[in-house]
Amino acid sequence: MAKEMLKGNIAIAEAAIRAGVEAYFGYPITPQTELLEHMSKRMVELDRVFLQAESEVAAINMVYGAACTGVRVMTSSSSPGFSLMQEGLSYIAGSELPCVVVDVMRGGPGLGNILPSQGDYFQITRSAGHGDYHPIVLAPASVQEAVDLTALAFDLADQYRHIVIIAADGLIGQMMEPAELPPMQPVATDRPNWALTGAKDRKPNSIVSFYLKAEEEEAFNLKIQARLHEIQKTEQRFVEYYTDDCELLVIGYGSSGRIALSAVQTARENGMKVGLFRPLTLWPFPEKRLSELADEVGACLVVEMSAGQMIEDVRLATGGQIPVGFYGRMGGVIPMPDEILQAIQTHCRQLSQNCEGIPTPLERVNS
Amino acid sequence: MMTTTINEASTLVFERPDSLATCNTNYCPGCTHGVAHRLLAEAIDELGLREQTILVSPVGCSVFSYQYFQTDGCVAAHGRAPAMATGIKRVQPDKMVITYQGDGDLASIGMAEIVHAAARGENITTIFVNNAIYGMTGGQMAPTSLPGQKTTSSPLGRNTIMTGYPVRMSELLSTLDGASYIVRRSLHDVANIRKAKKAILTALKVQMNGKGFSMVELLSSCPTNWGLEPVEALHWIETNMIPAFPLGDYKVNEDVRSL
Amino acid sequence: MQTEIIFAGFGGQGIMFAGQVLAYAGMDAGLESTWIPSYGPEMRGGTANCCVVLADRPIGSPVVRHPQVAVVFNNPSFEKYESNVAPGGLLVYNASLITLSPTRDNIEFLPIPASAIADELGNMRLTNMVMLGAAITARPILGLDDVKRALEEHLPARRRDLLQSNFVALERGMECLLNPVPAR
Amino acid sequence: MTKGTIFIDQERCKGCSLCAAVCPQEVIAMQDDRLNHKGYHPASLNEADAHCTGCGVCALICPDVCITVYREAPVKAARAAVTC
Amino acid sequence: MAKEMLKGNIAIAEAAIRAGVEAYFGYPITPQTELLEHMSKRMVELDRVFLQAESEVAAINMVYGAACTGVRVMTSSSSPGFSLMQEGLSYIAGSELPCVVVDVMRGGPGLGNILPSQGDYFQITRSAGHGDYHPIVLAPASVQEAVDLTALAFDLADQYRHIVIIAADGLIGQMMEPAELPPMQPVATDRPNWALTGAKDRKPNSIVSFYLKAEEEEAFNLKIQARLHEIQKTEQRFVEYYTDDCELLVIGYGSSGRIALSAVQTARENGMKVGLFRPLTLWPFPEKRLSELADEVGACLVVEMSAGQMIEDVRLATGGQIPVGFYGRMGGVIPMPDEILQAIQTHCRQLSQNCEGIPTPLERVNS
Amino acid sequence: MMTTTINEASTLVFERPDSLATCNTNYCPGCTHGVAHRLLAEAIDELGLREQTILVSPVGCSVFSYQYFQTDGCVAAHGRAPAMATGIKRVQPDKMVITYQGDGDLASIGMAEIVHAAARGENITTIFVNNAIYGMTGGQMAPTSLPGQKTTSSPLGRNTIMTGYPVRMSELLSTLDGASYIVRRSLHDVANIRKAKKAILTALKVQMNGKGFSMVELLSSCPTNWGLEPVEALHWIETNMIPAFPLGDYKVNEDVRSL
Amino acid sequence: MTKGTIFIDQERCKGCSLCAAVCPQEVIAMQDDRLNHKGYHPASLNEADAHCTGCGVCALICPDVCITVYREAPVKAARAAVTC
Amino acid sequence: MQTEIIFAGFGGQGIMFAGQVLAYAGMDAGLESTWIPSYGPEMRGGTANCCVVLADRPIGSPVVRHPQVAVVFNNPSFEKYESNVAPGGLLVYNASLITLSPTRDNIEFLPIPASAIADELGNMRLTNMVMLGAAITARPILGLDDVKRALEEHLPARRRDLLQSNFVALERGMECLLNPVPAR
């Protein structure tokens, strides 16, 4: 299919439809709303399930129900709405069900504003609700990547019977960019054997997220942990640029990774040995490759649209080997290539002198 | 040992319904959750729905109910059974989806979900077991607790000035056009148990015929948290609950009457 | 090479569409191309604006603080963007509505009586194409034909009948540069 | 008056005594002297006097569905009577 | 006052009352319910505000409202209920309001069970809702500590106009232990000048959590970050045992820290050079002291009632200097002193050989 | 310039109420949110309540309303205004606490909070601006949208089979004993605007006298998302909304009539 | 018929024309030829014919409270009339 | 020194109270003391049990897997805890209700006809004190007087009238050890 100018929100919706999503439940919230609106049109056309829920709490629990039947199901929201889904997400994880959730992040905390942000990183990667688990998290940096990762999201969700979250932001959601959509996949007709389809010619199935006996709950948790371990081993994804001979490694995901690339390119043109590492999976965080790179580079600079959240994963992955600098903007302010370039220059300078001079994230944001 | 008590001419006139699992329940002695279960199981059997039924259990004393029925089942988050049921029903309109909910679950934390399921005319059936208290967590006040009722979170009795009056869900939901069949019954004696059974049968038929949202509210006992003997508890339903929650048909749409 | 153009004015003046046509034209011409609306606090206020970036290599930020070109349709937008345009940049403005006069001297000003022309053409909704025609002529962003082709391919069906008049509007905008209104 | 009998699953019984309370013939008694394995005093049919009519109301109110009812009567009529 | 046998939940409630809490809003959930029940009795006696909300969502938003008036206000819940409070917490943080929230953690994910767990560490310390902030988190290991930290919680909340979370668990909440309650504090009568008390003889006050302009939202976020920075500098709290000459440092908080102490004591009796580091503040994490200790000890062993969450903070604080082992139980299983002792022995053995042998947390839980 | 048009004998007979801030609103041209604001401000002035009023704004087009009133104010999380107001009122019973909410806010996500505030007889006042749509987010369907109404999330018109029928909040809340004063008015013409003003005055008096929960539902326009000119929009209220949402007094307790 | 007049804050006006639509005297016109700073065509009183009665219904419907009404009449009566 | 005692039986048999009295007595005697109920799945089932730990140094876990002493009031509890008691430990059981017989040989069994005795004393609710009296005698956990004092100070007002009979019950429990029922 040819490329078309597609708005990120709509691209994700259409990509989900082509990946065979059978049910969508959501609630309007800027800057995500076009996704829901596209679903309201297309899902009805295709005679699939679209329902505007009364709230995000209801939406995620409708997703929970639909997921129990073994179909591909999805919801989408933005930061405050995502916060309301925390309990439901934990239940879905506790029931080993596949589903895809899109968070088009906006400025926070609180009502904040409707502008692009990456302030939900912790909430998405660490704790989508209470209890021990991590959802799989995919972070697109372009409309095309949003399309591609949406298809991947459904496959991973089914493969691991796990939640997959697409961590986008207002920039990816609102911009139009040329992208190519995949062909329409047929909707799967068979249902997994664990699905709630009525106990016909088989024992009753039940799907619950509780084990009142401690030993059973622990056994279940160990099972989940084993699965997460497996995912960590096999699903770390990332893109790297100019990393073969770089002294400073810039690290950013999604929009900030994309913008950082411009800065890195300019830096290269000015002869600075700078590379870019852009995680595609935020969980599992691509720590293997990053720790390898840490042996090769002198320092890294994390760029986020937040006060510094992914930076913790970077520090864990690089394990104190190299100094980790930070450049972050918050509350809907988008870090511009020239600002990032400046940060790169400062760090390169400090590299040539002593690394210790690099300010800690908090100092950085406060300065 | 059975046989000893039965002579040749005898015929079996009452036994456990097939849809009811054989395991013991976790309910306290005399708790009428058990009666509600049996009635629902009988109705499912009589309509031949066991193999197409999906039961959505709540968080509450009936959290285990999914185990007590020989049907597919799941447990919703506290109060969200109607939303979960909606998700199940929308992708499988040919299945029978039933939520079983307590009053804390449905009338307190789950208010928005039940109102909107009814407003949408969601084609599901809700069995609403109203015992005027939070049973599972040890007897706290529910929105359905009666004025003056002593609970572990209203030790001096429910104070209507501070906490208002019992929420009457059947009346409330009856204001919604999407609701097709909303009735209140009681489990305090055999005559009323018979009526409750009929209502459950009708509610399931409403769903079978795609007529929209149906709910049967059942006044039920909680001897443990009411601090009463099982027999006294049944009297308490009759003398205290029924006046506050009048029995009757609150909404029966035209096209449902025929069923 | 990267060019950033901001379109700004009242809702209903075809701001978003003008930007999209340019973005489509860029894509069809084989350039990297992004379009993003400003959907900030203004949303309710009635003003609308969008940003288009065209480049020959991957575009980092679709949002820019200092565009090279600003195409503004009303006074508030004139005020807002006159100061934002990058030094050496261009400000194309709808002289029929905008009563303010330029204050900066390190950018170029291009007043276009766009509403008047659209009125002449018998359809105020053509104002945006007049402005676009002028903009792409003042800066060799894309050829007129690229834009026409984009219009042809992407003009929504319900607007098809307007295709020809859109073309005319683009041309009239272009012609304005032959005899520009002197910047006051 | 039809003659009937019931069978009580005494291990399932929780000794709530609702059946005893509703039995019109008052032929159900609670065994205060014995505990079942669950620790309850189960109900039992007073076998001595055979006044059980098989009316089934004990079964209809038993929350734990411990009671099976038999009746000396043609099946149809019987079912009609007890099924509610 | 003399010591009395007090149940943790009730001790926290009574301590809050004596700290001058003027309003409590909550919703029943095991194993926290006694706290709410105690409030339902005592607050009414004292003619203060007690209200059982219709849900945790309502409860946290009632807290939000009461906090706007400048009074000391509190709510409490357990894991699933805490998940439902995420949006509200983010709004409260976004409005710079003080309040105290108790999470008596239970087994998860999902409905899980009602037994003790520490599975909410990430959710509590990293992301109580969307956006960039951390609440202050206090972790009591005994009923007495629960009493003391509750008083501290209200002071810190007022001092920093920030959320303070008491991270307890089913063990602390349900057990009775001798403890001494502080005397009753008088309820503050004056209201802060920012409070919503009616615009009498002053300009109207408003309390919001949104700044539609990116620059303003960023400025606000920087203000919050500056405050967090300040808190990080001054409020790191912890207790340490036998750390003057230890080779293996055991690290645990709350219940697991308390239980670990028994194991450490036995280890000492068996002549093993083992110490215990027990964080009292989970955020800010006592990284300063821990990194000092990291220079002195050969390795550390983190003990949690989870799959390993605090361990990330330990690894960040020790920055790869020393191997970090892990012993965790999940789903309501309580790690017993003898098990921990075993883990200690294994680690000591490995210390005397090579450290690399120490299994990673995930390997550990999976083995 | 004013003076020129006014001769000596003239007296000022209408001006901006004091409680209304002088800044411009962010509302679209012809949006009757502005009228609702003015009426509330006038009522606050006439009852002399400005200095003791705390306004709880919603998330919706009226999210800025706290700026438009010369009173203390805050913005609740979407739908939670009644809970936030409860928190404020319980610790300051002597203050006037008013929530201002849209239909998406109150009737969709905030259903549980409004129902329970009413059930508790919470002594607060709610101004419920029902425009049958989600205005701020760009015109999606609300629970109050009319059958067949085209919105950005029901592009083919609201399908009652899939999404049910409009939720009538005044009727629903009137089933609750805790609710003291529940009326529906309209802002589509001057006569009705006058009636709306009277209702708002009464509602505030209910709170002043500690009589419990009061709500005034106002049928309001959204020219922008209805795709109508402001004048047409007022006609649309009259011809389409009023039949679906009949105007009237749904609950007026005995002890309120006297006010 | 009492005589009155109104003052319209034209910079505040959003040109919704509701006032013009409701004026019984039809003395309010929209200025299609001019935009205010906010970009709207403001309403204005047709000063020419002095038929404004000061009835105030324009003010009562104006969503942006742009209109102040004056009337040649004793204050009390007047207020009573317009305040709603 | 650390002693762990579990009390287990049906709800309503005064299990929790017996444990609390012991815990109070421990505290008053200057020991570290913890009490914790088992509030697991059993909750609804009607069985209740609690764990008391007394020690002369800080108590790590108030919960124990293998208590030194188990005081059980009914068959289910007997089954559950016979296997849990630590080797060399003690199982005190209510011989009036418990029909099961011991199977382990590495722990001590102490059958007490507690219900019978309580019945004798005219109040079945005294069963728990009889059992407690026996337990503290069989193992020198605390002196009888410590427990009596604890009762005196902590018996809820509404139960005050029962103080003396509680004392008697404790003593009768103690006396059982003079002529124990042989373990079958």
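Which chain is which? They are A, B, C, D, E, F, G and H, in the order written, and residues in each are numbered from 1.
Here, a contact is a pair of C-beta atoms (placed from the backbone, for glycine too) under 8 Å apart; a residue touches a chain by one contact, two chains touch by 3 or more.
The structure presented is a predicted model; accordingly, all values stated were derived computationally and were not measured.
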item	value
Contact-graph distance - origin chain A, target chain F	1
Contact-richer chain pair (by C-beta pairs counted) among E-H and C-G	E-H
CA centroid of chain E to CA centroid of chain F, Å	41
Between chain C and chain D, centroid-to-centroid distance (C-alpha), Å	87
Approximate Å spacing (C-alpha centroids) for the pair chain A, chain D	61
Distance between chain centroids, defined by C-alpha means - chain F, chain G (Å)	25
Junction residues of chain A, two or more chains touched	30, 51, 54-55, 57, 80, 87, 91, 95, 110-111, 113-115, 208-210, 212-214, 332, 334
Touching two or more other chains - residue numbers and ranges from chain F	27-29, 63, 75, 77, 108-109, 111-112, 116, 136, 143, 162-163
Contacts with 2+ other chains: residues of chain C	40-41, 46
In the complex, chain A residues that touch chain C	3, 5, 30-31, 113-115, 170-171, 174-178, 258-263, 265, 332, 334, 336-337
Chain B contact footprint on chain F (complex, rising order)	108-112, 115-116, 119-122, 143, 160-168, 171-172, 174-178
Footprint of chain E on chain H - complex, ascending	20, 23-24, 27, 32-37, 39-41, 57-65, 154
Footprint of chain F on chain A - complex, ascending	27-30, 33, 36-37, 40-41, 44, 51-52, 54-56, 80, 110-111
Touch list for chain A against partner chain E, complex	57, 79-80, 82-84, 86-87, 90-95, 105, 107-115, 117, 119-120, 122-123, 126-127, 129-133, 208-222, 224-226, 228-229, 232, 306-307, 309, 312, 315-316, 319-321, 329-334, 362-363, 365-366
